[in-house]
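To start, I am sharing the structure in question, which I have written as structure tokens.
Labels run A, B, C and D following the written order; every chain starts at residue 1.
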Amino acid sequence: MRGSRSEQTAQSAADAGARTTIGFVGLGRMGSAMAASLVAAGWRVVAYVRRPERLPELSAVGINPVSTMDDIADCSIVISMLPDDAAVADVVSGLTRRLARGAIHLSMSTISPQCSTDMAAVHAHYGQAYVAAPVFGNPDAAKARELFVVAAGASDHVARCRPLLDVLGQKVFVIGADPAAANLVKLAGNVMSAAAMETMGEILALARKRGLDPELLMTILTATMFGSRVHRIYGSKIASRHYTAGGLVLPLALKDVRLALAEADAAAVPMPSISVVRDRLLTGIAMGHADLDWSALGLVAAEEAGLAENATKEE
Amino acid sequence: MRGSRSEQTAQSAADAGARTTIGFVGLGRMGSAMAASLVAAGWRVVAYVRRPERLPELSAVGINPVSTMDDIADCSIVISMLPDDAAVADVVSGLTRRLARGAIHLSMSTISPQCSTDMAAVHAHYGQAYVAAPVFGNPDAAKARELFVVAAGASDHVARCRPLLDVLGQKVFVIGADPAAANLVKLAGNVMSAAAMETMGEILALARKRGLDPELLMTILTATMFGSRVHRIYGSKIASRHYTAGGLVLPLALKDVRLALAEADAAAVPMPSISVVRDRLLTGIAMGHADLDWSALGLVAAEEAGLAENATKEE
Amino acid sequence: MRGSRSEQTAQSAADAGARTTIGFVGLGRMGSAMAASLVAAGWRVVAYVRRPERLPELSAVGINPVSTMDDIADCSIVISMLPDDAAVADVVSGLTRRLARGAIHLSMSTISPQCSTDMAAVHAHYGQAYVAAPVFGNPDAAKARELFVVAAGASDHVARCRPLLDVLGQKVFVIGADPAAANLVKLAGNVMSAAAMETMGEILALARKRGLDPELLMTILTATMFGSRVHRIYGSKIASRHYTAGGLVLPLALKDVRLALAEADAAAVPMPSISVVRDRLLTGIAMGHADLDWSALGLVAAEEAGLAENATKEE
Amino acid sequence: MRGSRSEQTAQSAADAGARTTIGFVGLGRMGSAMAASLVAAGWRVVAYVRRPERLPELSAVGINPVSTMDDIADCSIVISMLPDDAAVADVVSGLTRRLARGAIHLSMSTISPQCSTDMAAVHAHYGQAYVAAPVFGNPDAAKARELFVVAAGASDHVARCRPLLDVLGQKVFVIGADPAAANLVKLAGNVMSAAAMETMGEILALARKRGLDPELLMTILTATMFGSRVHRIYGSKIASRHYTAGGLVLPLALKDVRLALAEADAAAVPMPSISVVRDRLLTGIAMGHADLDWSALGLVAAEEAGLAENATKEE
């Protein structure tokens, strides 16, 4: 009789864990949740943490925090989950000098394809491997191990990371040998999400000004043509004007839009609907909403339609 | 023991049909499929048809074609399924003089909210009722009785139409007394679909120019954040460059965009992402693609990115 | 020895005036200034005025106000200066029944090319002539007889109007037989002006946020590459944040943008930079600036960049 | 009795030249023309030239070409005229180690404000001065000494450069101590020019499709509201479809747009009309027009309106 998925995964993780301690760099909200999931699945995780005030919280869920990168030098796989290209480049310069030949840097951040290509080259120079595996999903999804993972790298390196990825994601897409491709998929998904929020924002502002209940409209749209996760999650936030602080805040969404537009620039691909998103994110930041989740694109659309939204913002 | 949904529906339709013959105006691809569905469910349908060459085809599926509007004057419910505001206004001027007081015009076309408001007023002047019930779905969905229907009008009038709507749609949303609201929902859905196609077109053009398989990308996106009907149906067409003639051709999509932007103009709501769609539809028409389904927004995006698509167009 | 331009013009106008009394419909700010200029140049002007409170003001400058259109029925030339297509169509239906065969309707309003085509056809049906002659310039320019006039119509009809046009404009461009062409030139100029204001607004907002004096920037730009009237007049308003009520207010500018975009739609010409202007005008109206001159496009650009402008608005 | 402007300038230049030999880096089309103007005005110019095949041409006009940067180390003023930020940074790293304390780097390239700020800091670290003085005008204007110069830097440093700038430009604007401000003015001017071309392109495409002679339209517009240099020069190119290779080719125009949008991003200023220009430049490059002058924005507008332009492109 077969055990449940989680029991099986935990067992195989534990088997693998017997052979491997996982290094982790980047213990923000996403990283912490992911590292905790690995621990829960039976892995030993050693996390490089710069801020000592984080130690108790991380230790409490079974993560082993260390204060110098030297302490993760023995790991054969090091996961990074960092905010941007610069942070990844900084960590890579610390890792390359310490990791053994043959070690794998499993890079799960949302960064530019070019950065992934460059980092892979740097690691290769040191005889180390680089696997890109960005994820779709927020910290709640990370806790629930319901992320979607898009992985790319040399097939044997991806295979070595696979048990970890299977723990973290509800589904893992392995898309080939070029790490940059995985990062491009992630950027594509993020800007497509942002564009969907922009359009919903515009349409819900129109609905409100024409006396049509925005929540009713969103209910109909998601029940018919727009049943996707993005439309259900963010459409309902915009329709109910439930703009929360935190999450993928506007400047982080802008970062991804900027990276996608830089790809488009390099490839000579006009992306007018993404340019609109860019300008609306800038407006949102200029109007003082930099601390809000990217669903605040709906707030910007409402404000530009002359709908005062002050009362509805939730901190 | 309860019968199946279709048996029950057919029975209640037959009951109602004993009392009512349904008039039908607008026997295009959508209208014909809908009228045929009503016949199949047990209703008697009398259709006003201008072009005699259509008669055999309509008779073959049990529809009763008539060549003058006088022959539908006795119907207590007349359905219209017409291409635009002007056609609806023209038909209404023919109906008002002929229909009895208390008769219902069940208007299922995609028209402007303003047109619905005006037509309701004209019918009211003659003591007749007007129910707006536009649908989401193409002729195939109409044949399969899988449309989504959004209905609005006085509640007793909607109730009288309900058995018909239940036959035509897999789901009926009744959203209140104002017919214009139903038309606004339809426009909102259509421009949101068009905007989604525009964004997918841009992103898939970028993917192709960066060497990322567009079908793989679309598979990942629909399996994760973008599982909605619109993304699955149209995303796969764009990714596979399967642009077909017919369907909601670019000029018809532009018609809906134009109506939505006119609403936005009247309500003072800027809709920049819809403005982008408008301009891209115009480009598509200018480039000679007026005969293609609106998924050809993806073709326009590809062409403007310098990707020659000539070989992939299917007639 | 040659007299001055105004003496000469006045003389020839007086000569012509001996033969002709000019009818005038549309005594708004522009119309009044133009009619007064004609009077000053020696013409007799009979003006159809609906609002009796305007009579003293018009009589004071020598215009003969009348309260029924019958009183201008004898004029062989009637000038109209009206706000939009609907007003022109309304006046035309009043004129056709009253004017003699061979009379000329000299239509100087900013209206759609299509409206001009239609009105010309209606007048032709009654054996009357139609000349389109929209103008560039505001009421101050009209008072100073410094308008630019773009005239189109049958050459003999234009020739008959020419003495009047020479009085009103510092320069008259006669561009052919198709009245619609003159209206298209006017629309082209207006949307190009609006687009220039939009761009200046964006750039001056950037300058301010980067600590660069916007008036200095505008001085340099107008002294080098951008010495045109539009940039000098409106750039200086935007740079100094001198947004005044009146003038071509945002809804009137939007009217012209709407007409130009309708032309673009009919001709299948994407005009993305004009779409931007449209959306920004809607934002301005939604934000409560409908009473301001169209240079308030600069105010919208500043506000969307997070620059509070409240103190600088002048009523 | 006063001599002519050029005689006087040549004399003062010669006086100054007695004290100073001018170094020059960046002998492209603009740089060569500028260096030749300085020579013609009596200065001694030593130019660092990497490509030996340029030597005869430069020597012929009296420029002294040298093949190592060491040979310009003695100059108290070195002018650079380079294509982009990277090239300037590269040259600065070569200059700082060689120039004497107190020497001035007169940086005339179109670069980002940030780059200017950074380069000024690097030079300051070595006790050297940095003056930014970008110019408006093409190589023909440079030859005719009709450039417009916008200069910024410490006032005594600008004063030392002033005789050179007066030779090169028909007018010199000194705008303060912050070099970045001069570069921002230049970017502002360039993107405003590009936006004007975009709008003219759209409007002239509309004119052509509506049967209105584009050259006539442009004549009227430049004679009335749009008499500026940008509209006269580029409007006439677009109206006559005279798209030439060379000049500020699309990728160089895109470079400036990219820099301006990066400034806008950093300052949180949405610039939708510039985003349109960006997308249209990308389309132009994608469609194979990367070798054409930026007036080819008009070609892109025409092509997207379905107007075939192949025959009109001039190499």
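As a working rule, contacts are C-beta pairs under 8 Å (C-beta built on N, C-alpha and C of every residue); 3 or more make two chains touch, one makes a residue touch a chain.
Since this is a predicted model, take the numbers as computed values, not measurements.
A count of C-beta contacts for the chain pairs A-C and A-D puts A-D on top. Chain C and chain D carry the same sequence, and matching their CA atoms takes a turn of 180 degrees, rounded to a multiple of 5. Chain centres here are Cα averages; for chain A and chain D they lie 42 Å apart.
Note on chain placement: the centre of chain A and the centre of chain B lie 38 Å apart, centres being C-alpha means. Here the CA centre of chain A is 55 Å from the CA centre of chain C. Residues of chain A in contact with at least two other chains: 264, 268-272, 276, 279-280, 282-283, 285-286, 304-306. Touching chain D in their complex are the following residues of chain B: 272, 282-283, 285-288, 304-306. Looking at the complex, you find that chain C touches chain D at residues 113, 136, 148, 150, 171, 173, 175, 178, 180-181, 184-185, 188-189, 191-193, 195-196, 198-200, 202-203, 205-207, 209-212, 216-217, 220-231, 260, 263-264, 267-274, 276-277, 279-280, 304-306.
On the chain D side of its complex with chain A, the touching residues are 254, 258, 264-265, 268-272, 275-276, 278-280, 282-283, 285-286.
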